Structures are given as C-alpha cells and as structure tokens.
Amino acid sequence: MSLQTETETKRSFNQIGTRPVRPDGIDKVTGRARFGADMEMPGMLHGLVLRSPHPHAKVKSIDISRAAKLAGVKAIVTRDDFKMPKDKDLVDICANIMARDKVLYDGHAVAAVAATTKAIAREALKRIKVEYEILPHVTDVDEAMKPGAPILHKGMRTGGMDTKPRKDSNVVKRYKFGHGDVEKGFKQADIVIERSFKTAATHQGYIEPHACLASIGPDGQGDLWVCTQGHYMVRNVCAGLLGLDVSQLRVTASEIGGGFGGKTTVFIEPLALALSRKANRPVKMVMSRDEVFRATGPTSSTSMDVKIGATKDGRITAAHAELRFQGGAFAGSPVSMGAMTAFACYDLKNVQSIGYDVVTNRPKQAAYRAPGAPMAAFAVESVIDELASKLGMDGLEFRILNAAGEGTKSSYGPTFGPIGLKTTLEKAKSHAHNKAKLGKNQGRGIACGFWFNFAGNTCVSLNLQLDGTIALSVGTPDIGGSRASMSLMAAEELGVPYDKVRTIVADTASLGYNDVTDGSRTTFAAGLATIEAARDAIGKMCGRAAKVWGIPADAVKWENGYAKPAGPNAGAFKPMSMAEIAAIAHKTGGPIAGHYEINADGAGVSFATHIVDSEVDPETGRVTILRYTVLQDAGKAIHPDYVEGQYQGGAVQGIGWAINEEYIYGEDGRLQNAGFLDYRIPVASDLPMIDTVILEIPNPGHPYGVRGVGETSIVPPLAAIANSVSNAAGVRLTELPMSPPKVLKAIGEHNRA
Amino acid sequence: MSQIHVSTTINGDQAEFLCDADETLLDVLRDRLGLTGSKEGCGTGDCGACSVTVDGRLVCSCLMLGAEAEGREIGTIEGLANGDELHPLQTKFLEHAALQCGICTPGFLVAAKSLLEHNPKPTETEVRYWLAGNLCRCTGYDKIVRAVMDAAKEMRKA
Amino acid sequence: MRFESPQTTKDAVALLAGAKGKGRVLAGGTDLLVQMKSGMAAPDVIVDIKRIPAMKSIKAEKDGMRVGAAVASAEMAEHAALAKGWPGVVEAADLIGSTQIQGRATLAGNLCNGSPAADSVPAMAAIGAKARVVGPKKRRDVLVEKIVTGPGKISLAKDELIESILLPKRPPRSGDAYLRFIPRTEMDIAVAGAAVSLTLDTKGVCTDARVIIGAVGPRIIDVKDGAKALIGTKVDKAALKAMEAACSAAATPIDDKRGTKEFRKHVVGVLARRAGQIALKRAKGSK
C-alpha cells in the first residue's frame, strides 16, 4: 500500500486516526447537498452583472434608462448605489465589486440588474449604455514596474523604500526580510548560481462558480445564502459596504464547491444585497465560468531572481531573492509571503529576500493555497537543485545538510520549534520511489516546501441533547471534510462513538465571530476549540454528577463517556453516562453546553518533500507525469483520508500550474482563455496515482499535535516538476507553465548551443 | 417566445414541463423540476458536473436543450440509489473518501455508472480516460479512481 | 427562437428554407449550444435532426459505409464494421471531447462547425469521404474538403443540410490513421493534427496516399508533396522523413493561445510521420 502513516507521537487515541464516513457524505453522493446555486426563495429575482470589455478605461457615463424600462426589470445598481466606505480595508473591495471612475481590468463590474427571469436580465444588460474612454493598459509585472508604464492609481507611491519616492508608481510596496550579511556570504562561496524565473497567473479553478441568494428588506434586516470560505467575513464586509448593522445581516454558508483561497473575499454578494434592497425581493446571483475566470481572484504572475552560493562541501553561505508579483488592479499581492517563505526550508547565516507588490490591469488576486509560496519555492528549489548537481551532490543530501531544524532562526524571523523538514527528507531518501530506475527521456525531481499555517479567531458551541448525543456547531465552512474531523475530536474527547456527534456549520447569528476557513487553520483552530468546548461540557457534566451524588465537583472524573467518582475516597457511585446526565439535566440546573472562544495561536509550521518522475517527448515537448510521491508532516492526522486528500489535491493543482495552466492575455489586454477548455486543469487521464506518506511530528500548540495540512502540499510541486522536467529534457526550464511549445523551444535551443 | 411542452421520463418517472426553445436540459432539471443534484460548473461541456444519461447514453445536460428530452429517458444522480439502498458506487465513494467538496461528485457518479454498464472490468487507464470529461479540483482523482475500481470489483461479485 | 424536430429530411430542409432569419441544424449540439450560450449564435429556428431515421443510421452500401448526420461518435466507435474498416476516421471522431461529448458529437456537425482544428475532418478528407448535401430541389454528393471554405464558413446554402457522409470502400492493403497534438491527454482542441491514408501493392510498395493536416491553417491542407514522398516507396524511414518535412513546409499556422507558429509547423510534421507509421502497419495488416 502506497498510502502510509508514520507517527512519532506517543499518545494513544481511540478514534483519532480512524477513517469514518463523513457526516455530509450521503447528501453529497445523492445530489441532495445544497451548494451556492441550489437554493431558491418565493418571489426570487435573477441578478446579472455587466462587465467591462476593456482592461483600462475611464467610465464617462452609464445610461440605464432603456434597461430600466424593460418589463420584468426590478432593480439596477451602479457605482452610484455604493458609497465609498470610511473603513480603509473596504475601500479597494468597494472599487473592485463595482468600478468607480475607471474600470481596471477586463471583467470589472460596471452595473448589475435584477429581473424576473434570467433572459430578461440578459436583455437588460444589453440595453445599458456605458461610455468608456479607453486608456493604455499593462498586464505584465515587469512592464508595469518600468518608468513610463500606464499608471493604474493616481497618487500611488511605493512604500517601504529607503528614500521617499516622488513619482506615482504601480509598485505598491517593497518588502524586505532576512538576516546576516549576504555580500560577505557570497564572498565565502566556492560556487554561486544566479537565475531568473517567471510564472504565469493561475486560478484556483474550483468547480463551483460563486453563487448567492440575498434577501433584505427596507428595514435593513437581511439574509444571505452563499458559498464562501468565511460567512462571517462576508457578513462584515457586506454590512460595511451597504451601511448595515452587522447584527441585522445573517449569513448562512452553503455547501461549498471548492475554494482554495478564492472564496475568501466578496464579489457578487454585495451586489445581490444591493439589488435585493432596491427591489425589496430576494435576488439570486450565480457567476458563469467566464465571469469566474475574468472577474474573481486568480493568483499573481511573477518574475523572480534568485542567487545562492555554497562551499565545495555543500554548505550554503548566502542566499538572495528578489520577487516581483503583480496582484491585479489593487494592492495586496502575496509577495510578502513569497519573500518570507522563499528560504524558510534552510538554515542560513546570510539571507535576504526582497518583494515588490505591483498592480496591473488584471483582476485583483485572491488567496490561492499557500499564497505566494509555490512561486518562490519554484525559483529557490530550482537553484538549489542546480547547485547540488554542480557540486556533484545528491539533491536530498544537499538539502539535508542545509535543512532548517528545531532552533534554526528562520529567514523570515522567528526561531523554529520542533519541525519535520529533515524527517520528510530522510524518508524521501529511503522511499522506494527515490530508488526506482528511470527510462529514456525521463527525469526525477525533488523539492521541499514550507507553509506557516494560521490559527485565528474561533468560536465553537457543543450542545448536549436530551438523549445524550451531541450537536456541535462550528463557524468555519467545511471545504474538505472538516466536519468529520470535528466530530472525531469531540467524540475522542468525550469518549463517545463518532456517530453520536453531529457537526454543523452554524450561521453568523448562532456563534461569535469566526475567521475565514483559510491558512490551513480549520482542523487546527476549530479542532482546538472543539476539544476545549468538549472539556468545558465535561466539566459541567461532572458538576451535575457531583450534585446528584452530593460530592464536590472535583471528586468526579470523566472517563470513556462516563462521569465517575475520581477515587475510592469520593464514594462508591455507579458511573453516569452522558445519556443519564442529559436525561436529568432539567433537575440538575438545566441544559448543558460547552463553549470555547479564542483568538488562537501556535498553529505550527509544516514542511513537505515531493518526489516526481516525468517523461518528456523530445519531438513535441509534451510532459507526462509518471510517478508522484508526497511526504508531509501533518503533526497528527485526525482523519487520514482527508489528510491524504489534501496532499494529493495540492500536488495535482501544482502539476497543473507547472505544466499547463496560465492566464493568457492578448495585446488588447483581454483574457483569452476564460473557460475550462483553454484554461487547462489536469484531467484524470493526465495523472498517475499520487502516493502519500503522512509523517507526524506533533505540534506542541495543539492538544492532539495537529498542524494544518491543506496548503503546504502545493508549495513543492512547481519546483519538483521543474527539476524533474529539466532533468528529463537535459535543459533547465525557468518559466511556468512548462507548456509543450516552451519545452520544445528550450530543447531546440539547447541542442543548437 | 412561446414555450414548448415536453413529456419525458426522469429516473423512471413521468415528467412534463414547459421550457423555452434555447433552455438547456440542465436549466430545466435545476430550475423547473427541482433536481439540483446536477451541477453547472462551466455550461460549455468542459467539466462534466452536469452529467446525465439520455436513453442510456452519457451526456452533458448543459449541452442539450430541454426540448430535445421529449420522449427520452433521462437518468440523473437523484435516480442512482434505489430507495434507501445506495448504489455500490455511492458506497465506495464514501468508503474511499473520494470526495472533498462534493460539487463534482454527482457528475462523477453518473459517468462512472455509465462506464461500468459499458465495461464492467475497466483497467485504471480505462477509468481515467472515461472520466476525463469530469473535472475534480480537490482530490487529484486518486481516491475517485480507486473507488470506481473497487465498486466495479464489488459489482462483479454480485 | 423556435425549436423544431422534423421527421424527414424534406421537412428539415423546408424549415431551414422557411426560416425568417437564421436557421441552425442541431445534431449533437456540442458546438451550437456553446455558441448560443456565449451569444455568438442566436438562430431564429433550431432544427433538431435526430428524429430523422435516415440521419440516425449507419448503413453499408455498395460504395462504402454511410453514416447519418446525427450519428454520435460513440455510436460509431461501437459499430464493429465501421471501426474495423475506417479506423482513422473512427479514432479521429473518438478524439472529439469527453465521453459525454462522444455521446452527442457527430461527423457532420464537426464538419459544418467549420473549425480549422476539427479532428474528424482531416481523417475524412484523407480517405475521400463525401457529404450528401440535400436542398429543396436537389441532393448532391460533395467531397468533404469542399464543404469548409474558411474558419466557421461552409459552402452550404441557407436551405441545405448534410444528410449523411459516405466513407468510401477501402481498396485492399489500405490503412489510415489520424493523430493530433493536445497539451493534455483529453478535452483540448487540436493544436495540430495529421491524417494519413495509404495503399500498398502486394510487394508493399505504396501506390496511393493522401496526407491531410489540420489546425495549421484557415482550413485543412492537402499536402500533395507529402503524399508524393510516400508513393513509390515502401514507406521506409526516409520516405516518412520526407513526408514529415513536406507537412512542416506546407503548414501555414498562426500564433494563438493554443500554440506558436514555430511549434505547430514542427509538430504537425512529427504527427504526420507517426500517423504514417500507424497507417502503414494497418495497411500491412489489412487484406
């Protein structure tokens, strides 16, 4: 069996680490599960958005009069319906969901319509007349940084510079991380390699387009049903944009058909609410796939320079990176995280990484699984690979020699606690995959990757029901099986069977604020809160038993689902089950519930090493992935199926990014491949099985040792595949995607040279 | 635009509906008949989330007009289980954790059922190619392929 | 917009002829519905031809096999005699899209969509397939390569449609093959495609050949120099290499989102050579 788990943890569990069927399983295999677009309401209208065909233009006027006259049209909103919010964090969001004086990218919203049918709404869009004054545009990051480039935002001056800039720029900010003396370090090196890299923008590619159903009356009380990674975020942002009291807007998270970071902001939700308020009727909005590509949040395209020096015996003496990320039309590319993670795998004395956040005429980027890290790792791990080979060292040996460990001062500042990087590398070395023979035109690549993992605001309620079963409410949307993990943790802690716990994702009125499901935080933070809420309930249940028995509460202990006297001195009482405690709760003080609220910390960083074999057709440049192995530290795998799923999914998204996926803009600044036909995500026949090895180096910050697993898995693939393809093709590939024309060209140039 | 009256069979049951000439079968299923198990991921036949069978043939319901359904037999995800008895594919998808978000799952199940009707003993490669028109962005397909192979094995035993 | 599903070819023609604005034939709909969704097509009448018996059948005739215009490519792949006799055409049709698309897509639809990248068109042209075009007054049999006149453009009149396509009987010792290049393994539009059909004499010398390339020009290209390079040879390495060079030279591709000129010119030659090898093997294996 290729799916293995290796554990270093000592604690034994009864249920953690088992693989029960998920609670939402039946609904999802029968078609009953309700996703964003699966809801309707009586009197519901259909909303559609008119979008800019231009990448950069002044919006001189918007004439809605002909559309408004069309029978069946019930509301139209434009920029005039949204006041610029005072909250600084909402200003860019406001200008992104509905263009103001300028449109800044192909697909930027300029108006929205609600009508009784989709067909009428479509017709209404055609009748809206927008007068544009077309401006020069820029979509490439390096071009956008050049003097003389078209400027997107008047008054934007580069932050973080040593001297105060005096001209407007598309560079939002410079970031700088590192320590030591890089110049000195390079002087100590026997060999220095410096290379430049580029990566294309990619999209999260979730299969479910954004969808919502808004219903709000003139009194400002509203409900919103939406597919999102964070319904509390949606509530707060929409309330801010529409000038509502936060408490008046109740948001319910539907089942979510994939997010990967792309559903951590709002697009159509405030438009649907504004239309609903104006029409005083429910409004449903569903994006088309074309809109998803043109007008949601793909990740950055990048341009990067990396320089690393090492001694003959394989010690890295200095490392430097300059990263330039365009993040679309507004500030906030993930370049800072790219710069922080770039060298996080290594124990370095002299290291510096610099990042430039750049705006261009593209849709504002949103998070995409470990935002910023995969691109930086691609550049760094490519140079590491080349260094190892120039030094005549095995790539894994070279990495082990320089790997970060417990006590290493990381390149981005903090000192690491117990971490699993070296374990992943050692296990990779001994893995059968690493020893397998390669054929003609085949190559093997290795890379490691790092991700911080986040924790954040979390609030959980656990209710003991009359029959002793448990209703657990969490506020973090389930994007990959987290309800199963929460049920497992509650069941483990309470000592009851898994199927006695039902976990739901509660709406925004039912729990305190919860951060978005992102940063690989849910199993860690909501899990931690679940365990603590269970402990809170246990304390209360012990108290009730103590009351019945007439002994002090601290003389009662909790064991395997029963309240028991703590010891012989406490008295001889028959243990009470949860069902028994629940049955008499009305006589002992009323309903019993456990709660926990925290702004959690201690998420625990995680590392992975990937091994990949590929074959290159030297006549066509076509790359085939032959074999793939993921070795990653999970801290503790609560439900190993879904941990493996995260490893496999991340690896395959990485395969797409490395080989085929890219945003292609024409000279006219329009997106040319806004569909799954030409934005080519991997299909089943493109792939081998993805082997996984779960390593468990417990995270001291979590009661069970959990580390987030969702994002680290996409950090190494770009580099691992580039190394593999470079080895197979006999020439170093430095640009992603490594599409057939690029690979063939590189082989051709190499052969001619 | 006057609407078209269509009589058809869906999951063995008689169904009638009115639809516009340019309305897709997927829109009819979802918006008129309340069968929202078929999903729209792209609307252009590139993702397979709307897979249904028409007279036993696997198709994308987003690439077929509702009016074409006249007199046909349509099979959707809602007809996969037999009462409270899950289809072996459904059981195996659950056992193998072959879904994460679940949006592509109905399409995969309908497509996989069609595969096993055509080919009860598919190789891994045959499974992968038959399902190439069904996109999944969460799983990397590994567990889906395993679940289909396992279900095929189970069904051969039965 | 009206939807009609006539029972006879005559009625279908009458509907097209009588359409006030534009009439569109609906066979598999795998292109038409996408065009309607994007707003590229807004026909006044949609004529569904799937209820016309002559259009839904595969029939052996004296001159070859007649494939109805509404026969889905999955039905072709399941037709043993068709798959055995015309493997190049069947495999080309089989490459169009996913299993789901296979359940609907048709040869005639692939042809009438007029895409330069249509997979089945080079394969059909290579074996001299003929489309039966029916109009209000007459029917005519037209070589497939005469149907498409440019990207998205066809030579049919407003009131004409294709009823069926004849795949002509293959001479003994003939083989055909079609290969295309796509970045993934499935689901993409051809970046380049090449079909080769050849016939050998009893000594294994090539007596007749056709080489057709696709997706490397506004319409398919009949590479006569490629065919010449094979005829009179035993289709050895050198002949195939010469055919490859002829294909690369004949290609007139553009740079677009799917590939570069340079890439397409090179790869179309590689594909033609590889297709030639398969066609040769098939010709040697056939009686």
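Note that the chains take the letters A, B and C in the order they are written out, and that residue 1 is the start of every chain.
The rule we apply is simple: a residue touches a chain if its C-beta (ideal position, glycine included) is under 8 Å from a C-beta of that chain, and two chains touch if they have at least 3 such contacts.
Small disclaimer: the values here were computed from a predicted structure and weren't measured.
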{"item": "Per Cα centroids, the chain farthest from chain A", "value": "C"}
{"item": "A-C or A-B, whichever has more C-beta pairs in contact", "value": "A-B"}
{"item": "Intercentroid distance (Cα basis), chain B paired with chain A, Å", "value": "29"}
{"item": "Chain A and chain C, separation of their C-alpha mean positions in angstrom", "value": "44"}
{"item": "Contacts with two or more other chains, residues of chain A listed in rising order", "value": "676-677, 682-683, 685"}
{"item": "Per-residue multi-chain contacts in chain C, two or more chains", "value": "185-187"}
{"item": "Multi-partner residues of chain B (each touching 2 or more other chains)", "value": "1, 20, 43-44, 46, 129, 131-134"}
{"item": "Parts of chain A lying in touch with chain B, wherever the complex brings them together", "value": "19, 21-22, 24-26, 28-35, 37-38, 119, 204-209, 255-260, 286, 288-289, 479-481, 641-642, 644-645, 648-649, 651-653, 675-677, 681-685, 687, 689-690"}
{"item": "Touching residues (chain side chain B, partner chain A) in the complex", "value": "1, 20, 30, 35-44, 46-47, 49, 76-78, 80-81, 86, 90, 93-97, 99-106, 109, 124-125, 127-129, 131-146"}
{"item": "Residues of chain A that touch chain C when the two form their complex", "value": "290, 619-622, 659-660, 664, 672-673, 676-678, 680, 682-683, 685-686, 739-741, 744-745"}
{"item": "Chain A-facing residues of chain C, complex", "value": "38, 181, 183-189, 191, 256-260, 262-263, 266-267, 270"}
{"item": "Contacting residues of chain C [partner chain B, same complex]", "value": "1-3, 5, 26, 28-30, 33-34, 36-37, 46, 48, 50, 72, 74, 97-101, 103-104, 185-187"}
